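Both complexes below contain subunit A, partnered by subunit B and then by subunit C.
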Partner chain A sequence: MNSNLIIFLALHIIFGTLAIILLTAYLLSISKKDPSLKSLKLNSFVSFLSIIISWISGGYYYTTYYGKSVKPLILKGELSWIHSIIMETKEHIFLFLPFLTLTIFGITYLLKDKLEKDKNFRFATAVLCFTTVSIILAILIGGIVISGAVKK
Partner chain B sequence: MDWATFLRIAHILGTALGVGGTTFLEIYVLKHINTRNVDMFENDAVKISISLIRYGLIILAFSGLGLLISWRLNMRGPEVFFSARFLAKMVVILILLLAALATNLKFVNLKYASAVSTASWYAAMILGMWRRVPLSFFTIMAGYVAFIVLTYLILEYFRNKSLKIK
Partner chain C sequence: MSSQENLVKNIALSSTVAVISVVLLTLFSELYPPLKNWLASNFSHHWIGKSVLSILIFAVFIIIFQIFKLKNLSPTKAIWILIIVSNLSFVTLLAFFFLETIL
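For the complex of A and B:
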């Protein structure tokens, strides 16, 4: 693997992890009695950007390297199901994430008054945020499992 | 300094902050426990400890993933990634994260959450340092559950002792 691919793989992981951390911070913030709108806006915006960067860098790595160099290695081993089930699931579920994080970002920016005043709406947004964090975490774990299936 | 050394140093630093922060927090809360309904989370020393633990977790997350990237680049394979020790450590960390989230959202009894959290930090540290664990995944997890119970009993003993002194 050349250094460019290592960088893209690292960026994919770093920004995915950053999105988890920021959305968790968003979840903790929105659960307070008096959430700071400034921190909610910042966390939702940066987590959306992080998912986009993770998507692009992961997509580049997948299309230029994984498909032709890693996938055959996994498929010929005893753990071929790791590609067939986990990677295939990961590829498709990841597609939800830019839209979920965009929704959280949109709610925070466009419906900030409702977010401040309506406790039920805040709870619903918190549930959406928790769901998004859970999906990203599941995808991260999937990525670790896939990496573990690659051997010489 | 190569990347592997840098990542290991960062990982140890994160562990020091997390384990140290958690240990201090537990001792401080036990020492200052009171029967009045004062929210311990409003206390400055508690807030600082919680921040340190959070920074420790963030450093651990990034450095840990960095170490996994180096494993992946060296194609260490299932023998390392799916070893009993590593899988147990990952489960412990997941439980720790869930306990931390539940505590922050005030979904759980603080007594149980603090026992799970403290035991998890120490268990993850031990599993990280103990290179060749000669036990199966289920044996390690059983030991971990026993460790949580033991931690709860120890904390409960000191909690009651502290309340009696007051």
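For the complex of A and C:
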């Protein structure tokens, strides 16, 4: 694996992890009686950007290297199901994330007054955020498992 | 409903459609290899094809929902629809790849 691929893979992991941290902070903030709208706006914006960067960098690594060099190693080992179940699920559910984080970002920027005043709306947004964090966490755990399955 | 509430509702609904499109593209391309091949040959990789098509579908449906306003649907309900569809889609894909592997 050349240095460019290492950089792209690292960016994918770093920005994905950053999105988890920011969205968790968002979730904790929105659960308070008086959430800080400034921090909600910042967290939602940066987590959306982080997912976009993770998408592009992970996509580059996946489409140029994983299929040719990593996948065959996993498939010839005893844990081939890790590719066919975990990686296949991971690579596709990742495609949900730009839309989920864009929705959270849109909610926070466009309807900040409604977020403050409407408890039902705020709860729905919190659950959306929780869903998004859960999906990213599942992807992160999947990535760790996949890395462990590679035998050289 | 204000224009901002309408836009947020439409973002949530279009995101729902995009998520469903990812699931359908994934399932059909696994079950019908010519679709997977078509995606790979037109977008250099099937995964890039699914990414691009989901963005296009999102963009088209934002416009559709802006024109054909769903007045009886609140932004809160639209968010709940997105939540439910996202969770069901995750389970669907996981179950599909699990069954495809073991069967």
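Convention: the second predicted complex is superposed on the first by the 152 of 152 C-alpha atoms of A that agree within 3 Å, B and C clash if a C-alpha of one lies under 4 Å from a C-alpha of the other, contacts with A are read in each partner's own complex, and residues count from 1 in each chain.
One rule holds for everything that comes next: a contact is a pair of C-beta atoms (placed from the backbone, for glycine too) under 8 Å apart; a residue touches a chain by one contact, two chains touch by 3 or more.
For clarity, every value in this text was computed on a predicted model and none was experimentally measured.
Visitor: Between subunit B and subunit C, positioned on subunit A by superposition, is the outcome a clash or a fit?
Guide: fit
Visitor: With both complexes superposed on chain A, which partner does A:136 reach: first (subunit B), second (subunit C), both or neither?
Guide: neither
Visitor: Please determine whether it is subunit B or subunit C that touches the greater number of subunit A residues.
Guide: C
Visitor: Name the contact category of A:28: first (subunit B only), second (subunit C only), both, or neither.
Guide: Only subunit B is touched by A:28; subunit C is not.
Visitor: Just checking: does A:74 make contact with subunit B only, subunit C only, both, or neither of them? Give me first, second, both or neither.
Guide: neither
Visitor: Just subunit B (first), just subunit C (second), both, or neither: which does A:118 touch?
Guide: Touch status of A:118: second partner only.
Visitor: With the two structures laid over each other on chain A, which partner does A:9 touch: subunit B (first), subunit C (second), both, or neither?
Guide: first
Visitor: With the two structures laid over each other on chain A, which partner does A:84 touch: subunit B (first), subunit C (second), both, or neither?
Guide: In the superposition, A:84 touches subunit C alone.
Visitor: By the touch definition at the top of the document, which applies to A:17: first (subunit B), second (subunit C), both, or neither?
Guide: After superposing on A, A:17 lies in contact with subunit B but is clear of subunit C.
Visitor: With both complexes overlaid on chain A, what's the closest CA-to-CA approach of subunit B to subunit C, in Å?
Guide: In the combined three-chain model, subunit B comes within 19 Å of subunit C at the C-alpha level.
Visitor: Subunit B touches which residues of subunit A in the complex?
Guide: Residues of subunit A touching subunit B: 1, 6, 9-10, 13-14, 17, 21, 24, 27-28, 31, 79, 141, 144-145, 147-152.
Visitor: Looking at the complex, which residues from subunit B come into contact with subunit A?
Guide: On the subunit B side, the touching residues are 58, 61-62, 65-66, 68-69, 71-73, 75-82, 90, 101, 104-105.
Visitor: Which stretch or stretches of subunit C touch subunit A in the complex?
Guide: 4-5, 7-8, 11-12, 14-15, 18-19, 22-23, 26, 44-45, 47-48, 50-51, 54-55, 58, 75-76, 79-80, 82-83, 86-87, 89-90, 93-94, 97-98, 100-101
Visitor: Which stretch or stretches of subunit A touch subunit C in the complex?
Guide: Residues 55, 59, 62-63, 67, 81, 84-85, 88-89, 91-93, 95-96, 98-100, 102-103, 106-107, 110-111, 114, 118, 120-121, 124-125, 127-128, 131, 135, 138.
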